[in-house]
């Protein structure tokens, strides 16, 4: 099968990075115990503990839908609720998975500026009702970076966790692109998670260069009670667990997780810088991670499609470009050039 | 990490077979659309249709827990029930997964001889009650081969499906080791499934040589309505689906699926033949697939453990040996020799 | 225990009307079969069929939470979604019950003018997405009359059901105060339900004068398949069913259901007419059923509380007054007089 | 509607006892706050606390299906399991309700002599497995009296609770006929519940003379956390709660609950004593509560039916007779006489 020219429609379109692949190859030697009782799984869990500088509980799930939904279900009962932003992936793109895994926990949408929650918005929702006809808020979930590529600063997370503590809420972080946030903030993973008050992190592996897999980290070990049973019952326990764990070893031990993310972030900035000042082109959100959201006229977007680019669009004329661990800078330049050309042609025609 | 000498405790201890690995490697070239809209996924689905000689609906799930539970949930509502044997994996080893995915469908245990259901046993349960205080039977699930390595003949499956049709029940086949049944029966997959009246098959890839993955085949396409949504919501939709699909292509297109199973079955027979007549050794079940269940005294089992063997034991002194796609015949001979030695030593001591 | 002066905080504060009481008393003679296999239950179901002029399927549930949630669960699977208004009781006041009973069906909020859905709003939500990451819309639910006391006309319901048919959606009517809608429209129940395209109606008994109980009517009998099992499993099957059914007989056979509602509606109009023109007083919604929503300054509301009135308030200074089957017109006049006095005093003070 | 001659097929066939009726009538005066914030509900809860001599948490549910299922769901997560006897109502007659309310908690059947669990049987199940493929046992549920009318002694309950404490299990008592157990044991309710180690009791009102309703008592208040939300979400919160609560006040405050049960028990003994020695008649179980289980030949049972009696039958020729609070002793004598006649006639014919 032939390889097509890179598109930047999604960072899920990329394959497996060399470090993850090599670790899978190494893991594929001989036999090993099943269901996580193997050397690779123990090593991967320890690698997370080292990276996060804390003795957290670590679990592996097949994908982000499951990791986030299981984590949220562990933090609340069916009659509780989860506060999130209107743009949260758990709210918009999981086909009701959080409600399914929790057997009915309702997601409550808090007001947000471009998808980033604030302490005020959390407080407003959490204190809006206190009667039993309304599901009791128990968890706040934030996506780091957000679905539109913005990164919560350490202080922002601390402010959110403070209001959570005050109101008896747990703080969950959907880190489908957590590595990109670390690369963007240039901070230790611990700083932006448990030291800032995060209770549970779902650390995404797929968008970071793995074939499949997400890690769930409980910084408060008490919250992880029987979570292994929960994973098993929900179809998230791999029998040949080593193949879910080994890629993490490969990526964590030599820093590939961070290099991959930094490269992707860099490509996003590369595009943004080249198109920011173009006529008729507007960056919809600050470019802080590996995505660029471009507002442009229908004519510009049509021209881009004619030139062979594929991308998701949003209401109001936005186009999303996402950069993977293996994004080709030359292709980024091509994209920038085509946007420039489309923009100029359209401006002239007007 | 060092490779240990092969144990036969589980066929999950083996790694990825060369054909599956090569396909993953081939799939890992460049970018591809996510969520199953890629060439590999389409090719894998078509390969199943070719193999089964029918235009079935094909879905991919991460593991058997999910595949079977999702399939059962698709066949019944929460207030319905599923008839199975007391030995069925869904009853004994899934931590309540079928009940979780279906939101409460009860498993009803039918009497069985060594885990194989009969039409009479199905009928007895299905017609035992007809009041609304008892969950209405809607599905029969059989494991092919059974958890103890016995294979339903085509006629046995036909007899079961006949009673299912008569009583308005659907027939589901848990094929965690489906390939081993085909190798054992030496029949076309179609013969033992849809042509024999099976409505849905879960075809196991992991025990057949893959890293992860199970295929769900709906022979009655109407039953598959919106099953893609069901998979998504339940955390079973892989974003980089090609890596779940490609190994199937690699294994189906050149017959590795069947060779792997035939090899494993052969190792089981190899062991069985060498130990069947030994004093104090009894084969608990006919050896028709890749497992051998040995009844022996505690002394014999202890001696085997002393000689370095690991295996699961059962009430009454049974030991299970399971052979994977890469089982080493020389090791099988070693095991047979050690059983012979342990058996003889114990017989002499008695 | 002493009787307090009537408040109009809720129409749930009233007791059992004489007709319902008399029927319960009549039903409490001797023994009767359990679980609905009794004369009263059959008679009540027939009374509904007569009233609605159709051979619908009739079930009895304990309350509206369950009736609506069970009905919605019967119309969709967990990965489907339900379109409702932001003001819908199922969205705002059921503590996640619809999600719980359906095991995860998401409620999608459509834009609405004061809580009344329109075909355009339904279409906008139903056609907004068609990918599997978004729960597939399957049901539209409307509250008749709405939570703020507005009544859908027959034409409005017909327009909604037309778009439902076109888009493959079922139409559910939450009729917690269905009788009040009939009284308001002065139409046959059939006209505003199945003849207008409603598939399932939950007809509320509690707010209509019963102690407990709601009827679920399936006009499309195919949708009711196994609904009795669903009710049983969900804890909604009364053993002494006659006491849930008999009050319906008492209320339906002599028209009490409609008289009660008409009386309550009349009290609402009585209040509205007396206060509509007062300075600083505004009716927030057209008064079409048994509720009056009054916008007034904090000072006016405080004055009313000082005069002993209790009521629910809303953001922006609204007060809700709800009138039950036994609302005392003299008390309504007192309330009107107190609102006038509070309004005048506050206007003078300004 | 005419009253038929009393049958003893079920104690659910009886109506509402005078004390419960009078309390409902008293409660039906004027208006009262909804959802349990009324005087009757508070009084009923206090009456339970007085009766049980402890400050327990008290909730009201509509029926036993819901009360037991909600209580079990509060004691375990979906991946936990509940140990019960094969005869337990939750296992045999709830259409999967416990699994539905808990979202998948599996019921594990322990061996029992005639439906009474023993510490040994509980231990055997609870310690049979400790791997994550098997749902972790968390609760033991016993029915007091059992479904076949046997009563656990105080010492038996203490022995069960001791093993529960040792193994980290909670002890739940399904008291659909709890009053009958108290009457049979002639003990304080506290003795057979919390003082004997029971954590949660579901106290049945329906079979004790009420129209509808069951009380859930948490002796360990910590286990009741947010149980009110759980009830609400599951459709078990009555808006006009006073009508669910008042009957309890009427029955608890003057001892009707115990008189009703004692009367029913007495009728069972009355029958048993008259038929115990008859030829061809065998009492299947000790008669300790309000049920009599009679083994007799098909001919005898046919003769009884010919004489107009209706009853449930069991495998092996058993007939169940259940006596309600209003069982007519004269009819009991008629039944005894008819059994005698049938027995004698059949014996002569043989």
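For reference, chains read A, B, C and D in written order, and residue numbers begin at 1 within each chain.
Keep this in mind: a residue touches a chain if its C-beta (ideal position, glycine included) is under 8 Å from a C-beta of that chain, and two chains touch if they have at least 3 such contacts.
What you see is a predicted model, and the numbers here were worked out from it, not measured in a lab.
Contact count check for C-D and B-C (C-beta pairs in contact): higher for C-D. The chain with its CA mean position farthest from that of chain A is D.
Between chain C and chain D the centroid-to-centroid distance comes to 35 Å (mean Cα coordinates, whole Å).
Spacing of chain A relative to chain C, judged by their CA centroids, is 42 angstrom. Inter-chain spacing, taken between the CA centroids of chain B and chain C, is 51 Å. Shared interface positions of chain D, i.e. residues touching 2 or more other chains, are given as 35, 78-79, 94-97, 100-101, 103-104, 132-133, 135, 229, 232-233, 237. Chain contact summary for the complex, chain C toward chain B: residues 35, 77-80, 103-104, 132-133, 135-136, 226, 228-230, 232-233, 237. Every residue of chain B that touches chain D in the complex is listed here, in rising order: 78-79, 81, 92-97, 99-101, 103-106, 132-135. Residues of chain B touching chain A in their complex: 1, 3-4, 6-7, 10, 12-16, 21, 24, 26-35, 39-40, 61-66, 69-70, 94-97, 100-101, 103, 206, 211-212, 229, 232-240, 243-244, 324.
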